[in-house]
Amino acid sequence: MRLLFLGDVVGRAGRNVVLEQLPRLRRDWALDFVVVNGENAAGGFGITEAIYEEFLEAGADAVTLGNHAFDQREALVFIERAPRLIRPANFPPGTPGRGAALVEAANGAQVLVVNMMGRVFMDPLDDPFASIDRELDAAPLGLVADATIVDFHAETTSEKQAFGHWCDGRASLVVGTHTHVPTADHRILPGGTAYMTDVGMCGCYDGVIGMDKEEPLRRFTRKIGSTRFEPVAGPGTLSGLAMETDGAGRAIAVAPVRIGGSLSEALPSFW
Amino acid sequence: MRLLFLGDVVGRAGRNVVLEQLPRLRRDWALDFVVVNGENAAGGFGITEAIYEEFLEAGADAVTLGNHAFDQREALVFIERAPRLIRPANFPPGTPGRGAALVEAANGAQVLVVNMMGRVFMDPLDDPFASIDRELDAAPLGLVADATIVDFHAETTSEKQAFGHWCDGRASLVVGTHTHVPTADHRILPGGTAYMTDVGMCGCYDGVIGMDKEEPLRRFTRKIGSTRFEPVAGPGTLSGLAMETDGAGRAIAVAPVRIGGSLSEALPSFW
Amino acid sequence: MRLLFLGDVVGRAGRNVVLEQLPRLRRDWALDFVVVNGENAAGGFGITEAIYEEFLEAGADAVTLGNHAFDQREALVFIERAPRLIRPANFPPGTPGRGAALVEAANGAQVLVVNMMGRVFMDPLDDPFASIDRELDAAPLGLVADATIVDFHAETTSEKQAFGHWCDGRASLVVGTHTHVPTADHRILPGGTAYMTDVGMCGCYDGVIGMDKEEPLRRFTRKIGSTRFEPVAGPGTLSGLAMETDGAGRAIAVAPVRIGGSLSEALPSFW
Amino acid sequence: MRLLFLGDVVGRAGRNVVLEQLPRLRRDWALDFVVVNGENAAGGFGITEAIYEEFLEAGADAVTLGNHAFDQREALVFIERAPRLIRPANFPPGTPGRGAALVEAANGAQVLVVNMMGRVFMDPLDDPFASIDRELDAAPLGLVADATIVDFHAETTSEKQAFGHWCDGRASLVVGTHTHVPTADHRILPGGTAYMTDVGMCGCYDGVIGMDKEEPLRRFTRKIGSTRFEPVAGPGTLSGLAMETDGAGRAIAVAPVRIGGSLSEALPSFW
């Protein structure tokens, strides 16, 4: 299968580049399944139902979230009728929505999509290592799931790499999100899981993690904020990861994707 | 000038790949100045005088450090007789060594090398933004310094990007270190400063940030440690950044460098 | 029932004052049940089997722990044969020992003792609020447990106060440990649970949280450590909480206990 | 001199008890100097000019602040015309207001009042240890200052105790604020400085650090907030510290003060 994962979409700049590029990529690359992390899609904070629908129409099969999942309060409600919207699995029991879902691809394949949050330098949720074991056991790769995509939303490289090794052989892809900067360490781990520490953001890279740089600089230097954070208006970069799986759901190729904006372009050579 | 910056060298795997590759790169690329971050060179923790000397012999002009600067206690002593060893500038007054130095390149140029630590999710040192202003004012780029290289050793992408913007136009390069994973966002900021959120590590990428993965996994899953962290033994990757400056010290080209080990290869196209 | 809880015993100074005072208090106050937090008893870090036995002989019915539970590796082994040694209940499944126990008092009463860790500014363990619900439901106060003592080992006053309210009416006592400083806010919450944000330490108060002050001051001011932390040698203060329960296990009286050393003396007026 | 320090006033419950009690205490105890920490006075977040004036009229000689200093934006402006309003001294240079002031007491004595913030588990400001040295050197106790009162606004007991020892002999009082819970470790350190790890809050103790408990409990258990924090409405407790100095500004007596609300009453025995 041909899979595409797009990192945290930040504000209008991010939405624009996704809506412009994704339909074309889906067609040109004959993609079977696309996941978009949408935790920052609505003005940098959370997601609305309208934006979720836009992503699906543009070619996304599933939308994942993170620590900003419910910044837009409406998400607590519409997530119940949005089966392809996945919030972190290790939120407390009783949280609206779901942390994992078997989503049917256009070709009929069953794809397990899991969203999980790290705990180092983040809010202390339930143990992501124990939680991912439960999710992966419930729909084993190659038996129940034709492909398994894990979005690990975490801060530190150490927790992310440890999580990748922990899942190796049990997922098609473990990809990090949250830092809003793509890493250059995409690779296939020994057990057949594609891995990348962070897939970066879809948004404008001329600010500070997608936000206009004035307010962050003010807070760093004066320690007193002035206004709220606003996404920077400017040309967006699409940042993601492309991969291909074999019949058993193992990764056979992985490559970064960067299109537009101020980062160097990257495209898969294998398609 | 042609500059090369190599990220945190971790243990023997990192030292090996640096000692093997650097002499050749220095010659083949006609490098004018090389900086190596050595904070993890000695068994993953700190640096010894012997290792510092090895780096200089292999072609480094300066060695920077970070939060692990003084893990090897001998560094508190030998740093005073090691003029090209630079520790974070925002350690408290009275800390042995220096946080910035004007180092003469082989071609006679004066290169300002500054090491600075971030504070978000790290030990609270003096304000890095105020500190870098003092350092950059003391040896202005284009007047006193022919090139200025700032190693910003920090955890978060937000503090690093803010720091890059803060220095833009006043340094040839602001490069992040500490996360041990290279980012793919190398670029030249509007004011002429080359920037990359993290340059990655020189070491083996088959563990957890350069360490054997068993102990980190144990601590993440069982919350009780068992042994100390040990660098993973395996093929090392050289990870760094190559750049070229104009006569005023501004960046005119920047590219990632990744050679060997398990990451995708990257070489500058402009040399 | 007459209950006494003694806070984190730190090193020799703490052990000495406990061993000297506890037998006398047990007798003079006709105590029915005594809990001692022993996480720092062995040189400030963890506990040994010999020390655990000493506490029982001196009059403790149960010993609780905290983040330093397993600093002495032998505790991972002997805790299995030490039924009155309770480690935090929200460590991962599979951790040696137990997080809660029904302990028989000398008068035949069944006392539920639970040890739990907070997560704010501490290592991210499982959710203490969900975990305490399970423990309290398994042995309801007044039905199974004649008294229930919860040692909440946590850093912040906000998490501790929230935890006290959460348990109010379901425990005889929720007492905080870990900060090594007694608070003056002992009281009975509306539901009948005695509460105190932190019970303080049993140890010498002339250092920094029980440790010799030189090394902490060096680290705070120079940011480079020099030696390991050592408990300060000096006169110890016994710091704890005394309380009385009614037939339903509800608190009817609560008072701080401070004897010896450099703090102001406090004794229950009701015995 | 007879000094009174009142801890963080939280919302209306806190203001009410201060305005009710302070005029009487000032008269009955013949107080020479009163400091009130007002960082949470306005709805729990910051302070307004009207509230500052109220505190002065009720008998305060100086008002200190903390991390919430500028939550009410008007404080950035009126602090310049409010000479007795002291914000943390280790905010960045250029911050409006002052971090220390020599304030004249009613009896003509010069009292140095310093506000300082800790850095452990708090925003990383400038080094409080270096900063307090500068402030204490500028107005030495016994030479320039007849009494010196240091409000150390910090989270951890370790940083607070270390700070107390650091200042011992150079200040009349080092008192901690910020945790909103009074500690029971008031004492006079060997060098003559009165010390108390935290002086507690003036406010209602039936919530979570002065706030209505529902929203904190919701965030702790569900990890998703619902509304903003609101101060709990209920009977307030006045919480503070009383002390007396000798002619050299050294402490000769120290006692906790707790009046009203749900905490046990405490009054100085020496007046």
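Just so it is clear, A, B, C and D label the chains in written order, and each chain counts residues from 1 on its own.
Here is the rule we go by: contacts are C-beta pairs under 8 Å (C-beta built on N, C-alpha and C of every residue); 3 or more make two chains touch, one makes a residue touch a chain.
Quick caveat: nothing in here was measured; it's all calculated off a predicted structure.
The minimal number of chain-to-chain contact steps leading from chain A to chain C is 1. Remark: among chain pairs A-D and B-D, A-D carries the greater number of C-beta contacts. Chain centres here are Cα averages; for chain A and chain B they lie 29 Å apart. Note: centroid distance chain B to chain D, computed from Cα atoms, is 43 Å. Each of residues 92, 125, 127, 130, 221 in chain A touches at least two other chains. In terms of inter-chain touching, the protein chains here all touch one another pairwise.
Interface residues of chain C, counted against chain D in their complex, comprise 121, 127, 129-130, 155-159, 161-163, 165-166, 179-187, 197-198, 200, 205, 207-209, 213, 216-217, 220-221, 256, 258, 262-264, 266. Every residue of chain D that touches chain B in the complex is listed here, in rising order: 92-93, 119-120, 124-127, 130. Those residues of chain D whose C-beta lies close enough to touch chain A in the complex are 70, 76, 91-92, 94-95, 123, 125, 221-224.
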